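Have a look at the structure that comes next, please.
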Amino acid sequence: MNASQSIMPELERAPGDERYYLNMGPQHPSMHGVLRLLLTMRGERIIKCEPIIGYAHRAHEKMAENRAYIQFLPNTSRVDYLSGMIYNIGYCQAIEKMCGIEVPERAVVVRVIVNELNRIQSHLLWFGTFLLDLGGITPFLYCFDDREEILSILDRVTGSRLTYSYGRFGGLTRDIDETFTEQSTAFIARLRSRFPMYTALVHDNIIFMERCKGVGVMTPEVCAQYGVTGPCLRASGVGYDVRRAEPYGGYERYDFEIPTRTAGDCLARFEVRMDEMEQSCRIIEQALADLPDGDVRPKKLVKKLKPPVGEHYFAVEAARGHFGMYILSDGSDTPAKIKLRTPSFSNLAAMERVLEGTMVADTIATTGSIDIVLPEIDR
Amino acid sequence: MSYLSTIFSGFWTLVTGMKITAREMPRKAVTLTYPHKKPELSDAYRSAIQLVRFEETDSHDCVACMQCVKICPSFCITIEGEKIEGIKRQRANRVEMDFALCSLCGLCIDVCPTDTLEYSKIYDEAGGNRGWTYDLLAEFREGEEAWIERMRAIEAKEAAEKEAKRKAIAEAKAAAATKKPAEEAAPKPPDEGAAGKPAPPPASDLPEDKPEEPES
Amino acid sequence: MPETLHAIFANPFVAVAIGVGGVMGVLAFNALFCIWLERKVSAWIQLRMGPMEVGFHGTFQTVSDMVKLLGKQLIMPAGVDKPLFLFAPLLVFAGVVAAASLVPFSKSVVIANLDIGLVLIFTFGGFAVIGIFMAGWGSNNKYALLGAMRSVAQNISYEIPLILSALSVVLMISAMGRGYDTGHGHTDLNGMNLAHITLVQARHGIWFVLFQPLAALIYFISTLAETNRAPFDIPEAESELVAGFHTEYSGMGFALFFFAEFANMLIQAMVMTVLFFGGWTGPLLPGPVWFFGKAYFLVFVMMWIRWTFPRLRFDQLMTFCWTVLIPLSILNLLVTAFVIKAT
Amino acid sequence: MTGTSAPPNLRGLVSESAGGDYGATGFHQRHTAEPGHIVEIAKRFRESGYVLEMMTCEDRREDLDAMRLVYTFNRAVADRHVVFVTLPFGGEAPSITGEFPSGDWFEREVFDMYGVRFGGHPNLKRILLPDDADFHALLKDFGRIEDAEGGGE
């Protein structure tokens, strides 16, 4: 910032105009990292909301242009650290599709399993932080207790708890074992036994209900205008899921539902995510029951890729929605451009529309319920 | 009436919530009281890389091929190698790794042709600055002289074996040539290794200029 | 010599000074204990351990925290209204101390037994509102101001059901406390006198919570709002307003707000003990033990509630007060009056 | 985002239209258009129930000596249309914010990273980089990493 530029713009107002700016973030307890909302307010009502992003920009796309395809692998988990596995494996799948690399059958299934575990993990974290935003601190800890199990399970196979770097072009780094299967099955049983508790403690609670019902409504029209995807879109009644619309990585084999709600409010988003966890459990169960033998590691470690020249687009369903990779290849081992179309970027853009006329507390509930991960938005 | 029933049912949900937290209250804490109790690290645990100490040579086997340096996305590995008199292979005399840059992706371990890199299990160290460098050779410097001796012996043995093998192959080839001249080019593993092709991670089919596996 | 000492202690000013000093000591100890308890209760509920390192099960954790806070700089942000900013924590704390000296800890331990004790306690409760608003206004911070505005609106609204439900008890005293044998003759007990309220309950061997369950519940809920405790902690709602009215306070200023919050909790719990749970009465154990036992149980319930529920939104909070609590408490008061008149 | 609506008729708006070889590239249809037509194209897509899925830009100085804007439109039942718009350096493209509000942030990002200006954009300022940055980070002539770290291949 220059000295001449102030971080806070001056609000021009006539005498008697009671509007004022409230600067929420980038350091604020419930701005999920470094989101900044510049709110024009009158009293406790928000007249206009302008999200300001970019505080966590790490130039992933620029890095991609300076690296070989394989060297971009560790970056992918870090784009969205909460569903790093999905991003990491999604990137591998994109490159595999682009270059026609074969993946061992077992690796395909294991990828589905770890992806879904990662999705549950992400949803559990969202659940906790959402409640934290609403002022309920205890469910956060219960969720973390459950989430810890997943992290331990994934830690056992990948060696890392957050930024996995588990995928490789044409496979995975390590195979899963019996213990993994047992732990995953036990975890699913445990999670299912916890759902009634979560419902009674959180969903049925009248305070939670009051805070969420009819708050932050996204209509299907708003979703379409802003390109909102993921649970937020499904909570508005549109059953769009990349896993179903453009099946990838073997998802077409599994029987799962796409939970939808029609209300489009915070409560609907909450319910959609809770149902999605159950659906993820179902996918994991099916995948575990039908786990092929073989090796998961790539047949041959690809160090130098020779991708076909041209544009490629590959999308996966990340925990927060449609994660697309637009890859422009010039035939060399370095991508000419990678554009990461991250879901929260579009979801957050809709905030300025959704938050108009709501109260400060609703801002928090809505930002919490759309589940943003700022590093993913800022890339 | 609905006013009262809403109040009552709402109040009841609150009571339910309190019952749940009351039920959780006597449960045992899940906290791991670090540092009083240490976490159990998984086998796959990834920390800073270190060099493997092979049983046979009682030392690492870094040949300074620079594969890891080239693939590292974070440019955090520095390796220098030298040729030692009387030993065929190169020997690394400087292997350093800046852990402040490392992103623990494991690509270096995947590409290592001699499988001499592995993850360490260090988890309780912290760097206070940029340039948090590990000298991976630190624990190997002591036995360097002894290693040279051992390596010479191993290489001599290896050369002898190779010679024997080559003879066997040549004989087999000669025998085959008399039968099927067309299939002449098929079995020649030594050439493939010499071409410096990237080695796949399974240790079974490594390039030929690698020493035998520790167990062999 | 003993005579002089006796004379000194007999002096009402000295006695009150000692009493108030004692109360402050109790409140300081209470704050330390409550913070520890709060952390422990939250930890138990959340399957954690809470403070474990300083002393047995972290007993001295809060002491060390307090020492740390004492040693910290009181940061004065640019543009604050200095007198308001500095005076606010003191005012909040002073009201609490004054209120505490009115509470009968046992039959014989009352620092100031006044016939308008109940009224005064609510009045001193109002002090806190002024202090909070001064803090919010003086901080020159929008979050603090929002918190202060919320606090004023909330505290004033919730005082109505609070007092209305207390009135039901007062009405009952006026009916049940006639002709009390003081040992020097018979007298009518005063419904506004906290000691007398307890005496009536002791005399009849009952707790008023049995007769006035609705009033007790409304009183308890209003208490939560009055002390800015979750789920009514919207003045400091940390996920919305960072820390509400005490956003800009550091060091001892912050510590005083903290002190006051926990002292306030204890006082409200004590008043509630007096009104609905029979004060110091109880078998076997001495009065103060029963009294503090009951009060701390109520404090524990407040904590339990805090660590269970999410927070209400501001307008819902007000709606709840005006459409649920106030009608119900008025209804309760009317029914009480009617029943008393009828019998 | 509706399910199965027919793709819009883009005749006269796009200079080139071809199947995208979905299996290999992930695009069902590829179109090439002039900058002046993109708003009308976006409108047609919106009216057909498509959503602006992504928008970005490429620095094609090496082969095309121009910038190229990339718009992808999709609907719930996947039918991904990609529209390429070649734009000379320093050129200005019309903003599609009026058709798709999501274009707001995408266009700001393209402006931020490539310096492409969009006519009619309501709030064209930097989005990810600091407001006072004097560079456009994804241009090919902006610092490559080996310049900074002295490493790389």
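As written, the chains take the letters A, B, C and D, and residue 1 is the first residue of each chain.
Just so we're on the same page, a contact is a pair of C-beta atoms (placed from the backbone, for glycine too) under 8 Å apart; a residue touches a chain by one contact, two chains touch by 3 or more.
All values derive from a computational prediction rather than experimental measurement.
Chain A has the Cα centre that lies closest to the mean of all protein Cα atoms in view.
The interface with the greater number of C-beta contacts, when A-D is set against A-B, is A-D.
One simple way to say how far apart two chains are is to compare their mean CA positions; for subunit B and subunit D this gives 42 Å. The mean-CA centres of subunit A and subunit D are about 23 angstrom from one another, to the nearest whole unit. Averaging C-alpha coordinates per chain places the centre of subunit A 31 Å away from that of subunit B. Between subunit C and subunit D, the centres computed from C-alpha atoms are 62 Å apart.
Touching two or more other chains at once are residues 67-68, 138, 142, 145, 201, 205, 207 of subunit A. Listed for subunit D are residues 152-153, each touching two or more other chains. Multi-chain contact residues of subunit B, defined as those touching 2 or more other chains: 14, 17, 20-21, 24, 30. Across the complex, subunit A meets subunit C through its residues 20, 22, 28-30, 44, 131-138, 141-142, 145, 201-202, 205, 207-208, 210-211, 359-364. In the complex of the two chains, the subunit C residues touching subunit B come out as 43-49, 52, 304-305, 307-309, 324. Of all the residues in subunit A, the ones that touch subunit D in their complex are 1-2, 5, 53-54, 57, 59, 61-63, 65-68, 97-98, 220, 223-227, 233, 238-240, 245-246, 308, 310-315, 322, 324, 326, 328, 330, 336-337, 339, 341, 345-346, 349-350, 353, 378-379.
Considering their complex, residues 7, 14, 17-18, 20-22, 24-31, 33 of subunit B touch subunit C.
Contact residues on subunit A toward subunit B in their complex (touch as defined above): 67-68, 70-75, 78, 138, 142, 145, 148, 152, 155-160, 163, 165, 168, 173-174, 197, 200-201, 204-207, 209, 297, 299-301, 303.
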